[in-house]
């Protein structure tokens, strides 16, 4: 059962020319949407280094949204096409890494599509709420717990060992 | 003027209330208080209007008094005020790029209703910016010279006016028009509202001036096919279609037209929207500029089959202006600025079948009526029904293809006035009863409400209501043989049937059918409706998101002649501002290769759409030409060894931003 | 092709000629029509105007039966049934209250309606599923010289313009052209036939019918083709009263399926042409000859 | 003055790194002249107690290879950390997890079941599994526990320097030891290998085109590889551009693509993500379906991009695996 109180955290990478402008338009139009998204502005979706995406997940993002110009409309001609190719592979990679691929979303949102920002952010927030938290930082902690024995403990085990050998 | 590496980071943070725009939703003092406790933050303030003079003064003063070396402002979108604050930072004595802006209005207070969540979001974004700005370094803007020539695309009234304004200021202009003559829609009009002055009388001198101006190169019957480069330095390829007539040699005597083997004009004539006839060799209309005939390749026997007596060539005699060997030609030019004035197309009335356009011969569009009442039109200005009778009653239907969710939602802005003008002309020409069916009369322009008043006094009937249909079936004897309009009269509160002889559909404006192609060609955006998108609806109405590309006239949205001309003048002025300064400052967000890190793997080279990256064989390193780099950063993301970096968008800057938005709980 | 078939009351009563021509035409085209077992009244407009919720439950029972029978498409030739069943589907989807009422009502009878069956008009099925190409192949007696006024009535395209334009439908026009007929320009094709007003407020209802007939005659039509039993009835049954009021406007009105049957060369008896008040004859047979001579 | 003492130890390792020391051949003589080997379980008979007997920081350097997978390895890592002035993560496994790191794609139970029961070569009717304690001659013996997660050395203890490679080449090893002895060391935490990608030393570099556009990817066994031409130009995924130099491009020189054992340059946080970014950007396909079919040529993205570095990558481990599992009876 999804936890209705869970507030997913979405890191969004929006290109300056289309999607960031669309998000501005959504603001100017006073469209209301879920406050779960944090936008990082880049000049082009092509600047989205897959490291940024994995880094966002590893630091606690429950979802990552990339927004770029529609194919054919890229301000830099074909940056978004490179994003699309990387995105396709990243989805496969995430699947392999046990991360639901729906947590990564690529949307083409033109400067005029303010309402699409609203729709996508709301949709994604709901989707992530249904998926539940990814919570990688917490998982890292859990994973590390088994190796996190203190030096003192280690010394104790050494002492036991010595006694056994004696 | 800049804090070098190693110096202590001292950040000033400012959050703007923007009146109630931000403060109404985001708890600004709480954000300021939160940021004040962050490492490296020396000053943290909230203020009513950061963009105001006192707001900017605050930043300058703090830089001096607190020895700040990083500034973060949380306010509106950087697309709106980044420049403002960078200037303030610079005026305060700091490099303007040691600054980061946080968008908490468009991306926060305006789009969220939950005050607590919006405040938390503002904190997270502020935190991210404070972290990010630590990595900012002093940068210099790059200056690029501006080529002084201008390309104007589209020779309607907007393009004509922009070209003349520039040319009169001594700038060289290339005016490219797709049709054989400039003039656009306005050339087809009889009179113009609200002054009823003759359109030809005011347009023709301007058209001739274009044709004669030494600073204007007019390429009619031509299209722009390729645009490369960037503001100040565009390389444009223009396709010149063969008109089979040498423009230099033709004097427009039209002997060739008379001599054509087709004795009768039998092909529909574009200028008269298909209602008149022309020959395969023709001149679009008497006042055409250039005054040069053109041969229609789809109709001319010689072009089509190569088998014609070529009586036209004979008639041209020793001028030898007719040249069947002409071929399509591609010409390249260099310009610094481009003004796009490609206009609109009229709504196709057949899309609303219930209005009977194309079914009932006496249902015409407004532009057809325009040609029918013009003395240069197919009937010599006599307004007749298709059967030759003079109409006794004429009705106008407004908002055909406008203000209707089934077709186009926008108001085409000119149809009310245009229809009233035509209504007056109809009364003048025929004395017919005129009824105008309207939704709302929109007459906000100068002299327009008075014109409406005059229309009422002239006895034109106005019925408020959307027309349901136009039919030819009669219920009463008076309706027999007439066209019947069924409409709700919303003021009288009843459904009316009104029989008339002629119906005029005031068709609205639509984006050109190839607007999407043009948009891509010039790297512009379109709104959802398909009109070219201006950079800012109020503050930058003729600029686009691509620097050095301006828009004017109806390609940006429906408007009347005065507004088109005003925009054209504004676009010309914007272009001149760039030309006269002589250079443009480019955002220093270019990518660069750190040479000692580069392995020479060449992965980046095919990534760049601008061929800004080359491979230096001698050094075996990649090399980015900053003049060609436009700063997209795609190669930065692609460099597999992290050896390409991007000013303003360094990996550490973005990574710290990501970390920032996520680590604020 | 297999279709479930919901005749509704009209096709078993006043509109029998519709069923009697539709079934052989479908059979001739290789489409199987299986009448829905135990169908009930669609509720028509009357019940909808009294109690929407209960009307929906009543109509939904038919949908549920069709679903139970595994039908993908339910053919409803009567425009009123077509509209009511479609409307019910929409209401169940859009209104939680109605959905709940329907679930409750049907649940009591061990039925449920999940919206998996499409409600289709035979005109839509004939032109869009079977196709004009197939129909054209079956035409052995093209309706050459026959001028037809295509009359759609209101309900089949409004408010749910599912397969054609709400204002200017053309599906039947194209079908009739395929049959070889000449379609006259008939801008009244979706105007009101008078509906039940012919009985309740004849002054208004009959006038509406009259205009339809008069305009069809004025435009030179030999016959009006309809797709709705009520339209057919109104246009066919009131000539006497109309003529008394406004003078003669004599023109037969037939179902489009009857014209299809003629074009396919089906025996006249099978097409129930004799059920009309105003007899229809092919133009070439105007002298009084029977319509489809071969049996 | 006594010679500095060094230790060489292996954790979850194949033994190749031990071999790498031996592979120094006569070079090892020089090393032995300069240092005393105080601990090297593979080659010399010292005991853990000998190490424990040393004073803290009593070792000049400890070279630890292998990933950390068991409780014993953790303990040894801690012990060596305490006893040495310089702790060197030696080889891909210690640096970034290496091949054993790919076990982070499975739970411990999945691994044990496969290795002790399901593997086709195993005959274990009694389904015997490793235990953490057993009785021997009436005495209870404590045995190492297999951890749920594979870790790099620096995820367990602090590491001073890294010598990457699978295994590091003799040259790199000698240079690392030389640097340690001479004291000419980069900042702590550095990787003792060139901070540049492999292409810089690849013999095939000049044949790499500047207009690379992948129409398809081929795996080495699917291609007849041209021994001169850049492997990427032949559609074979070569990790060279995203991998540190220092190995003299041994694999490309041997007609095999680089698989990334040297790890990324210092400027890259996640080697796999970077390689993916570079590689995929240059695919020639332009629509979803066509891109998909090109990508089908890389059937195992994690194994391709993170062959040696999964535990060190940003995600570290298959994210939906449980942190702990009930110990298997």
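Think of it as A, B, C and D in the order they're written, each chain with its own count starting at 1.
The criterion applied here is as follows: contacts are C-beta pairs under 8 Å (C-beta built on N, C-alpha and C of every residue); 3 or more make two chains touch, one makes a residue touch a chain.
All of these numbers come straight from a predicted model, not from anything done at the bench.
More inter-chain C-beta contacts link the pair A-D than the other of B-D and A-D.
Set against the C-alpha centre of chain B, every other chain centre is closer than that of D. Averaged Cα coordinates give chain B a centre that lies 58 Å from the centre of chain D. Chain A and chain D, compared by their mean Cα positions, are separated by 28 Å. For the pair chain B and chain C, the distance between mean C-alpha positions equals 50 Å. Centroids of chain A and chain B (each the mean of its C-alpha atoms) stand 37 Å apart. Chain contacts: chain C has no residue touching two or more partner chains.
Multi-chain contact residues of chain A (touching two or more other chains) are listed as 46, 49-51, 55, 82, 86. Those residues of chain B in touch with two or more other chains are numbered 607, 634, 637-638, 651, 655.
The complete set of chain-chain contacts reads A-B, A-D, B-C, B-D. On the chain D side of its complex with chain B, the touching residues are 195-200, 205, 208-213, 240-242, 245, 264-269, 274-275, 277-278, 281-282.
Within the complex formed with chain C, the residues of chain B that make contact are 353-354, 356, 359, 469, 471-473, 475.
Within the complex, the chain A residues that touch chain B are 7, 9, 11, 16-18, 20-21, 23-24, 26-28, 30-35, 38-44, 46-52, 55-56, 59-61, 72-73, 75-79, 82, 86, 110-113, 118. Chain contact summary for the complex, chain C toward chain B: residues 165, 167-168, 185, 187-188, 211, 215, 218. Interface of chain B with chain D (complex): residues 596-603, 605-607, 615, 620, 634, 637-643, 651, 655.
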